[in-house]
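My questions all concern the structure below.
As written, the chain order gives the labels A, B, C, D and E, with residue 1 at the start of each chain.
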Amino acid sequence: MSFDLRIKKRIGERSIDLTMSDSAGLVALTGPSGAGKTTVLNCIAGLMVPDDGHIAIGGRTLFDRASHTNLPPEARSCGYVFQDSRLFPHLTVVRNLAYGEALASSEDRWIDLMEVACLLEIADLLDRHPASLSGGETRRVAIGRALLAAPRFLLLDEPLASLDPARGEQVLQCVERIRDELGLPMLYVSHDAAEVARLTDRVVELPLAR
Amino acid sequence: MIAPLSAEELGIIGLSLKVSLVAVAATLPVAYALAWLLARKRFPGRVLLDAFVHLPLVVPPVVTGYILLILFGRTGPIGSWLEAQFGLSLAFRWTGAALAAAVMALPLMVRAMRLSIEMVDQHLIDAARTLGATRWHAFRTITLPLSLPGILAGTVLGFARSIGEFGATITFVSSIPGETRTLPLAIYSALQIPGTDVVVARLVVLSIILSLFALLVSEWLIRRSGGKGAHVL
Amino acid sequence: PSEPKGPVVLAASSLQAPLEELAEQWRASGRPPPVLSFASSPALARQVQSGAPGDIFISADREWIDYLAQQGDLDEAGLRTIASNSLVLARHDDGTSISREEVLSQLGEVPLATGDPETVPLGRYARQALTSEGLWDKAESSIVPTQSARAAMVLVKRGEAPLGMLYASDVAEEADLETVLAFSRDSHDPIDYIAMILPASGHPDARGFLEFLASPKSAAVFARHGFKRP
Amino acid sequence: MIAPLSAEELGIIGLSLKVSLVAVAATLPVAYALAWLLARKRFPGRVLLDAFVHLPLVVPPVVTGYILLILFGRTGPIGSWLEAQFGLSLAFRWTGAALAAAVMALPLMVRAMRLSIEMVDQHLIDAARTLGATRWHAFRTITLPLSLPGILAGTVLGFARSIGEFGATITFVSSIPGETRTLPLAIYSALQIPGTDVVVARLVVLSIILSLFALLVSEWLIRRSGGKGAHVL
Amino acid sequence: MSFDLRIKKRIGERSIDLTMSDSAGLVALTGPSGAGKTTVLNCIAGLMVPDDGHIAIGGRTLFDRASHTNLPPEARSCGYVFQDSRLFPHLTVVRNLAYGEALASSEDRWIDLMEVACLLEIADLLDRHPASLSGGETRRVAIGRALLAAPRFLLLDEPLASLDPARGEQVLQCVERIRDELGLPMLYVSHDAAEVARLTDRVVELPLAR
C-alpha cells in the first residue's frame, strides 16, 4: 500500500478531512484553491500535526494518533517541493541543492547533483544566490533540492508552476521515470487536468469544506 | 598631540583590547543562547528572564560593580568558590574587568541578536527539516547564518560598550595600572590631575579610533558575507 | 611583569598627583615601585570590606574609616594621618577684579558649586564652614551639589558656577580660579587623609612605604600640591 | 524594606520617568532617521556618521558629560546660544539630564532600528510604488510599520539606558535634588554614606520595577500589533 | 498604438533585447524560463531602468533614454501582478486591496472593492493576514490589488499560477472583459499555450539570449 491516509485537521475556519488508501505509485491531489491541499502535504511531511488520523506511506507509519506515533520531519524522508519553493537565501544554488544530499546516507541516494543539474538545466546557476533567480529557475532548483535528499516518497505542490512547456515536459518525464523505475510513492498537486491525466488515473479531489 | 604612542599608552590600549575582546568573545555564545530563548521559546518566567537580561542597562554601573564585588569578590560566595575550585581570581584582576565589561555588554548583544532571530522565516527551517536536518542542524545551518546581521550588530555594540565601560569596572576591580586600568579608567585618572587636558584628549581619541576600527571590521564582515545574511526572503 | 612589585596602595582619587610623585621618589630610592589604584573613598572602602588584596588604604573621609573599624575590618591603632587640606571660597577668574564684599554679596544669587553636603565630605565641610561664618542660610538655595570635589572645581573653572567652596589643593594648581576667602582650620571638622595597613597585607615593604608617606619629606611634596601638613 | 514609598522616593521616580520619557521621545525620530540613512543610503562619510553615532557608547560616560558641559553649558557655544535665542537653559536643569540620557541612548536606538530597516524586503516597497505610492508614502506605510519590532526594541533599550544613565548626567548637570537627581544619582548619593544599604536596595528595586514595567508595555505593544510587524515575508 | 517598446537591458550574464510595436490591446509575452520576461515587466513598471531604449504605452511615454524621460513607478499607473505576489505582510487582505485604490483619483477607478471581492471570491478573506492565505488565495488577492489601483495598463506575470480551473476561468473572463470593454493595454506572461491562444493572437516570444 503506497498511501494509507486518514487526516482530519481544522485550520482557520476550514475543516479538512481526507481518507485515502491507494496502492498506485502516483496519486494526484486536486481541488479548489483553499481546499487544503498544501495543508495535507504539510501534515504528511510532519510540519503540521493532524487533529486526528493516521499517516502511512510505503508501509511506514509516520503518524498515528491512536498509538502516539509522530515522526519528526527529518525522520520521514520525504522530498517536498513547496508551493513557494523556500530556497535558503544565504546559500548558493549548489549549496541549496546539496543541503539534503549531504544529510542522506549515500546508499539511499538515487540521483546525483550533476544528473539533477542537467535534467533541470540549472548547471550555469550553481554559484548564484536565490535572490537573483527568475521564477522558473527558482522552481527548478527547488525540485532538484527535493530529489537530491534521497527521499522515500515525494510531495509535489504544483511543481510545474512558472515552468515553460519545454522545461515542464522535462520535469514531467522525470516524474514518470521516478514513478516507473523507482516506484516511489508520489502525491502530486496540480490544477492542470491534462497534466494530471497524463500522469495517473488516481485522482483525489479535496472539496472546499467548512 | 600627534606624537607617537608612548609605551604606557600602548599598554593601556593592549589591556583595553584584551579585556574587551575576552569579554565579547565569552559573552557571544551566552548572549546568543539567551536571544534565541527569548525569541523562539514561550516559557513561564520568560518576561522575568528578559528583565533580568536588561538589568545591567537599568541599574547604574556603579551598583552593578558593587553587586559584582559582593558576589565575585574574594570573600563573595561565587568569588571564593571560583578561587577554591579553579584557582580563578577575579578581584582586582583584568579578568574581573572583563567580567564587568561582559555584564554591561550583555543586554545590548542579546537585543540585537534577538531581533535578528525573530526575523528568520520559520518556513525555511521547516524546509530544512524535510530535507533531513535535525532541529540542531537546522539551527546551525539556517537560523545561525541568517541571524548573522544581528550577531554582528550585537558584537559591535557590545565591543563598543566594553571599550567604554567605566563605572562597574572601577567599583569592582579598582584602577590598577597594567592590570585593570583600561582606557576609560585611565581617562578618569588623568582627569583627576591638573593640566592633563592633552593626555585626556589623546586617550579619548584613541578609544574612538579603537571602536572605529571595530566598526570597519564589522562593515567588512557584512560585505564579505555578500550582504546575503540580510536577505530573509 | 617579571620585575618585582611594591605594595598595592588603594587611594582616594584626590591624592593622585602627589602620590604618583611620591611613588616615583620611592622607586628612585631603589625599591620596587608601589602599585597605585585610585577610586572614590566609598568605592575603595567597599573593596576593602570585600577583601581587596591591597596593602595600604588611604581614605579622604574619616567616616568610612570609622565604618570599617566598626565592622571589624581594620585596626584603628595603625592609622596615620599623612596630609590635610583646607577649604576656600573660590571664584571663576573671568579677568575682572572684584572685591571680597561684592563676591560675598553674590552668595545665594549665583550658582555655588561644592560637594553634596549630605554625602560628600567637601560639601559637609563647606556647610560647617559657611555656617560658622553665618553665610550658610544665604548660600544654601544656590548650592550646586556635585559628587566629587574635582567635579565642583571643574564647574567653577569653566564658569558654569561662578562660585565654589573647594579644597585649597584643587585651587592651587588651576588657572581661572581665584581664592576669595580661605577658611580657618577650626571652622570645620579636620580634613585629614588617613592611611593604614590593611589586614590582608603581606607585602614586606608595606610598613616602610606607609612610614615614608607619613614622613616630613613627603609632607613637603603634599604641600607642593596644595595640601597642608597634618 | 517594604514600607510604602516616601514622598522623596516618589519625587525621584517622577523625575526619572520625566527625564527618560522626554529623552526617548525626543530621540526617537532622530534615531530612526539616522537608522534609515545608515541602512538605506550609501554616501561619502557614511562610516564616519556610523562611528559618530556609536561615540557615546565608546567614550566613558563621564567624558561624554564633560563634552556636553563644554558645548551645552551656560558658557558653552551651543548652551549660550540656546539661552540667548530661546531662553532655554540646560545647565543644572532636568532638561540637561534629559539631553544626557538622550545622547547615551542614541546609539542603542539607532542600531536596533537599523537592523530592522535592513530586514525590510525592498520588493515590497517596489510593489507599493507601482500601486501609486510615492517614496515617502511607501516609507510611511511599508518601511515604517515593518520596522516596528526594531523601533520597539530600540525604544526599550533606550528607555532602560536612560533610566540607568549616571556618569554623563552627574558630570553635566550635577546632582540637584528635585531637579537633576534621578534614580541612579540618588543611588550613588546613598552609596557615598556608610550604612545606607537598605536605602540603596530600595532604590535599586525601584529602578528595576520601572524598567520591568517598560518591558511589559513593549511586550504588550508587540502582541497588540498581532506580532504582524515581525513578519517580513 | 498600445505598445511601443524598445528595451535593451543587461542583467547578470543575460542580454535582453525586445522591440515591439503593437496596437493590439492584449499582447502575450512568452519564452523559456530565465529569458527575461519579468525583467521586461520590471522595466515597464519603472522598477528597473533599461540600459537603452524607449517605452511608450497607450501613447504615453514612460521612458526614453534619448530625451532623459523616466517616470517614477508611481506616476506610470500600471497594474502589476507580480510573479511572486508581494502582498504586504503587515496589512489585512482588505487593506492590501485598498492600498492602491486609496491612492488613485476616484474618476480613474473602473472597478470597486466589492466587485473585485466577488469576482475573485475573496470576500471571506478580507480580515485575514497574507501569512495565513493559501497559494491560490494569495494570487487572487494580488490580482485584485492591481485591478483596484485604477491602472491605465496591466502587467500580468503568470496571473493564473496556483489557480484551480474554475477560478482561473473567472480571471480569464475578467481579463477578456477588460480587454474588450475598457481597452486597457495588457502584457500577459504565460507558459500555457491554450490560455494565450484564447486571449490573443499577438504573441511576442522572448528568446534565451546571452
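Structural remarks
Throughout what follows, contacts are C-beta pairs under 8 Å (C-beta built on N, C-alpha and C of every residue); 3 or more make two chains touch, one makes a residue touch a chain.
On a predicted model such as this, the values are computed, not experimentally measured, just so you know.
Shared contact partners of chain B and chain C, listed by label: D. Touch-path distance (fewest steps) from chain C to chain E is 2.
Summarising the inter-chain contacts, the pair of chains with the most C-beta pairs in contact is B-D. Chain centres here are C-alpha means, and the one lying farthest from chain A is C. If each chain is reduced to the centroid of its CA atoms, chain C and chain D end up 35 Å from each other. Note: centroid distance chain A to chain D, computed from Cα atoms, is 50 Å.
A separation of 79 Å divides the Cα centre of chain A from that of chain C. Centre-to-centre, using mean CA coordinates, chain A is 29 Å away from chain E. Chain contacts: chain E has residues 84 touching two or more partner chains. Chain contacts: chain D has residues 66, 188, 191, 232-233 touching two or more partner chains. Contacts with at least two other chains are made by no residue of chain C.
A list of each chain pair in contact follows: A-B, A-E, B-C, B-D, C-D, D-E.
Per the touch definition, chain B reaches chain A in the complex via residues 123-124, 126-135, 137, 141-142, 145-146, 148, 226, 228-229, 231-233.
Residues 40, 42, 45, 63-64, 66-67, 111, 113, 116, 118-120, 144-147, 151, 154-155, 158-160 of chain C are the ones touching chain D in the complex. In the complex of the two chains, the chain A residues touching chain B come out as 45-47, 72-74, 76-80, 82, 84, 86, 88-90, 99-100, 103-104, 129-131, 145-146, 149. Every residue of chain E that touches chain A in the complex is listed here, in rising order: 12-13, 30-34, 38, 83-84, 124, 128, 132, 134-137, 139-140, 157-158, 161-168, 191, 193.
Listing the residues of chain B that touch chain D in their complex gives 47, 50-51, 54-55, 57-63, 66, 107-108, 111-112, 114-116, 118-119, 121, 149-150, 153, 156-157, 160-161, 163-167, 183-184, 187-188, 191, 200, 204, 207-208, 210-212, 215-216, 219, 230, 232-233.
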